[in-house]
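Each in structure tokens, the structures are laid out below.
Below, chain A partners chain B and then partners chain C, in two separate complexes.
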Partner chain A sequence: MSVVEHANGSSEFVVDGRLETAWYERIPVAYWVVAALLLIMPAIASGFVLNQIFGWSFVLGMIALSLMFLGGYGGMVSLAQLTIAAVAGYMVAIFGVSSIDAVSLGWPWWVAVPLALIIAVLFGTAIGALAVRTEGIYTIMITLAIASAFFYFTRQNYVVFNGFSGFNGVFPPKLFGVDWRADIPFYYLSLFFATLAYLAVLYLSRAPFGLALQGVRDNPRRMAALGFNVNAHRVAAHAFAAFIAGIGGILLTWQSSQISPGTAGTGPVIDILVIAVIGGLGRPIGPFIGAIVYVVLKTFAIDILTSLGLSGDRFQLLVGISFLLIVFFSPDGLLGLWDKWRAGRGRDPLTGANTVEGS
Partner chain B sequence: MSVTALSPGRSVSDRLEATGTSNALELRGVSKYFGALAALEDITLSVKPGERRAVLGSNGAGKTTLFNCITGDFLPSGGTVRFFGEDVTEFAAHERIRRGLRRTYQISLLFNGLSVLDNIYLACCGVSRNRFSFLRPRRNDALMATAEDLIRVVHLEDIRLRPVNELAYGQQRQLEIAMALSGAPRFILFDEPAAGLSPTERSELIEILTGLPGHMGYIIIEHDMDVALRVSEQVSMMHNGRIFKEGKPAEIEEDPEVQALYLGGGHD
Partner chain C sequence: MVVAVLLWMIFAVWPEWLKDAIGRKKIFLNALFNGVTLGGLYFLVASGFTLIFGLMRNVNLAHGSLYLLGGYIGYSVSNATGSWLLAFPVAFITVGAIGILLQFFVFRRMEGEDLRQTLVTIGISIVMADLMLWYWGGDFYNITPPGWLSGPIETFFVTGLSRSTGDPIFLKYPVVRLVILAAAIVIGVAMWLLLNRTQIGMLIRAGVDDRDMLSATGARIQWVFVGVFAFGAGLAGLAGVVGGTFQTVAPGEDIRFLLASLVVVIVGGMGSITGAAIGAIIIGCAEQFGSVYFPTYAVVLTFLIMVVVLAFRPQGLMGRA
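Take a look at the complex of A and B:
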């Protein structure tokens, strides 16, 4: 491999006689702009926007990303991803420090957090092992049943889960002397893990495991005829998705400093699916777009509804109508609308033929 | 043809000595029922390593069901399937594939969203330990090199990066064959590989099949007698779920019973 420097400052690698551009040149300019905007956001936005809009969107986006990974790449729609996130959140509260001294063990964060993630992954793997025996609507039903069972179990169990009220006073560690729950530190903390999860899913989609998962989604019989253990692959995908959901669950618990059965009630569990579908299940960026739309709607619903002369507590109505409209006009979510708009922009208005290369 | 992707790991005689058998594939009394319908009845078949055999018969004779029972897509209702001496009757499909069995399908089952290269690479991963790898292939990846080799075997190098759904039908059939050749197979089942191909593509197919390494045996289901008899050394004739005649291509071609069946007559 050799490097060819061009007069305009760009460089290309010559591999086996073929020219390849450097990795940073293959990333579109728009991505760099978004990345720069996100990095300087604390200089522009208020603490409320950083924590309650962006921070919450990144965390919900991560949990929805775990659903997108299963649904978009694996063809398995699981409604238990928020439940897995809640398991991780509960474990951090139980093993670590919370205001409920009678239950919490008070172990240091560097023991509680890895342990919480391990248990969340084991829980997700067990759900996967059950769910892969079913397909389509039955996978949705079985994962919804698990989510509901977890909700009622945690509400009634006081010995381990502290019943209805759950745990409060669950704070992130003051690592490097920083209060990670404060607006700006939490913004960067959630942005860091959301970016990491996004890049991991993006990278994995072209690795043998990700390619095989997409093969399993498209044609499981063919995959078995290529030597793949289809069920083992599906279970492994559940384990990976549980890891992402687990990190999201811990951040969610730290952000609100509490975890209770209502965190993963039937409504919020379905909201994760709504977020993923609003954004689009086709690409890993979709869940984050869906999460921002969902959080903005939920946060400002009262203002919007009262300005329309409606009762402010009907914010779910607004979320529901938006969901219906998006799904009606684009089954692929907002990403699908974006793709349609781009394709339409490059189309000749008279002939309908594409005039933009690659559109 | 000398392609590294197709070279065997151990010699066939070594493997047979280890398993104490002289057959690559051995079916004893295999039957398959769908409710009251007998799709296969008491099939007994032995194929030697490196042997090329054609299975012929009219539509509904049970040929594809026979393949499905051999590969594990269906579990037989009765009888045993042995692969290089090992009883694989109860094995899942992927376990049989990992032992060196491959197949193609009557209707192309490809991954339409992926490129030609990705399809073959995936096929190579399936029979390697790399199938669970979380790491993208590097520039000098051995499996990727094997995939590139196989692309050349089926003459698809000019369209290696094209998505499969943009390929012509004949090219999709060639890709099916390349995927079946991945991971140094010991035995391949070709299900009507020439169906829908142009005369030129059929000639290419014959060239590919006859050019396979000598250790690589196969069974081919084919309605085109010309292709089937040119690429096989033995022929088994099927009718109503049973094998009723076996022999050399020339014997089968001359057989009045076979001629009657293929010309539309009945079989008693």
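Take a look at the complex of A and C:
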């Protein structure tokens, strides 16, 4: 075994003639910096920022991540992801404990949460089975129709979904004696699940299933000819996305301690798409970037707008215009702009040759 | 068979057992009429949507916003001038002009990029909804039809026999709804004739079938696109005035009508005018009957129809595979 020193300082071990790096060295420095920053964030930021900015961003980011997984790797843009999240949230409220004693069954969390996730996945799979009968833009329309049907249904159904007001007083379990709704615990809780979901999507995108899914996205006919069951891959992708969205939905319900039809109304459903597209549908980190941008915009819109001399009510206008600009100028969202900037920086101004490695 | 039963149910005086089973005939007839007139309104909105999609493969999710804008413009015009009829051409032309601008500055730049076009239209609908909320506020408006159109009219449909005299009682129904239904039918037939019997219609149909080949033969396809987009958008604006007359103009209606046209064209088949008509009547009736006979689940009925159609005919009732 010999150690080869590289110009950039990283060391590689040559084992039996193969180059091997330690696993932690294969992860770029930027990831370590981000991870460290996120972990020590509670020491820097206030409780409001932790819960309302970061916690909310992580949760919305997870739901948008499930959309990104379907849209980016599967080529199926589904607007029903927030609806699936809301189903999970509703199930936790119905099976678990809430202030609405007449409906809630009051089962312990270790029954209610898995049951909610199972139902959310089944629901997502059913939507997937319906949506894969169509393609491209039809999928958007059908999932939008499903999402709004769910909204109107929950608003009118009082027996199970408690109608317009929905459920409140849905609290996370006091596991290990910690109040998980408090600022810092919720921050770590959402960070943990967001990271888990991010890594799962990252892993799956390179696993055989994810590669086959990307093949199906690029050329379904060829994949079918190669013997892959195209529709089964698509439905399975919907099931996996539903699982992530379901976790996101439960966290969303716990964070605000309530769930109502408005949680998954048409506006919020489209907001999830906006988040995913603003960030970029190309990579799993995109939805989280989009979520942070969205949440920051939403939280500070009034300040921004009043500084521009407009009234604070015009938040939707601000979001709509930023969304339009991004879709217009960079189809890959903010990540696309970032890539362009990097590629532009690395280009030799005279020859046009690219000098940055690996891009 | 089904048609015969339906006709009998419409024209005959109902026997007691039927009355016990599903309620009074007046309610049934009213639901049917409301359903068909609502279908007429849905048809006006959805036909523009389906025409634009059929030719340009562009899912215009801002269609509902165009509808709502038409409603607001119609309200402002009829309020300012006092003329209900004037509201229609103004709304048609203004919204049609906005359609031309959209096609010219937005969609022409991203031809063939389905997803991007769809996303842009979502962005436009968000921006338009907020601009309209800004300008017109969150109030509910109602466009009042002129005097000769308001009030009910006696139709020749029997609802039952008078208890005391035994004379037949006829159904009373708002004139304005009947006029609007007639107008929708006229527009529908005119559109069908235009598409199937004229030179322009031939160009459009050829464009639906094979866009590239049509432009290769020398047809000015960009002009056809602009024309169809303007017409489709204008129809949405027109429908806005209609909708404002027998319903209300308010924020949120844009989403409602966008969804209605989505479901209508999914059921009827994308890009087919006949399909839009059939789908509109089915959905309109389903909504009205649903809200009369099982109010809680009216929306679910509409949704179920969509699921069933998708399961058995994914391309829609009149759509081509």
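The criterion applied here is as follows: the second predicted complex is superposed on the first by the 342 of 359 C-alpha atoms of A that agree within 3 Å, B and C clash if a C-alpha of one lies under 4 Å from a C-alpha of the other, contacts with A are read in each partner's own complex, and residues count from 1 in each chain.
We adopt the following convention: contacts are C-beta pairs under 8 Å (C-beta built on N, C-alpha and C of every residue); 3 or more make two chains touch, one makes a residue touch a chain.
Only a predicted model underlies this, so the values are computations on that prediction, with no experimental measurement involved.
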item	value
Room on chain A for both chain B and chain C (clash or fit)	fit
Touching partner for A:G215 - first (chain B), second (chain C), both, neither	first
Larger contact residue set on chain A - chain B or chain C	C
Inter-centroid angle chain B-chain A-chain C after superposition on A [Cα, multiple of 10°]	80
Touched partner set for A:I142, first chain B, second chain C, both or neither	second
Touching partner for A:A120 - first (chain B), second (chain C), both, neither	neither
Partner chain(s) touched by A:I321 [first = chain B, second = chain C, both, neither]	second
Touching partner for A:I84 - first (chain B), second (chain C), both, neither	neither
Per-pair minimum CA distance [chain C against chain B, superposed on A] in Å	13
Overlap of chain C and chain B interfaces on chain A (superposed complexes)	none
Chain A-touching residues of chain B, taken from the complex the two chains share	71-73, 92-94, 97-98, 102-103, 105, 109-114, 118, 121-123, 125-127, 130-137, 139, 179, 182-183
Touching residues (chain side chain C, partner chain A) in the complex	57, 59, 113-116, 118-120, 122-124, 126-127, 129-131, 133-134, 255, 259, 262-263, 266, 270, 295-300, 302-303, 306-307, 310-311, 314
Residues of chain A touching chain C in the complex	77, 130, 133-134, 136-138, 140-142, 144-146, 148-149, 152-153, 156-157, 266, 270, 273-274, 277, 313-314, 316-317, 319-321, 323-324, 327-328, 331
Residues of chain A defined as touching chain B within the complex	1, 15, 203-204, 206-209, 211-212, 214-215, 218-219, 221-230, 233, 236
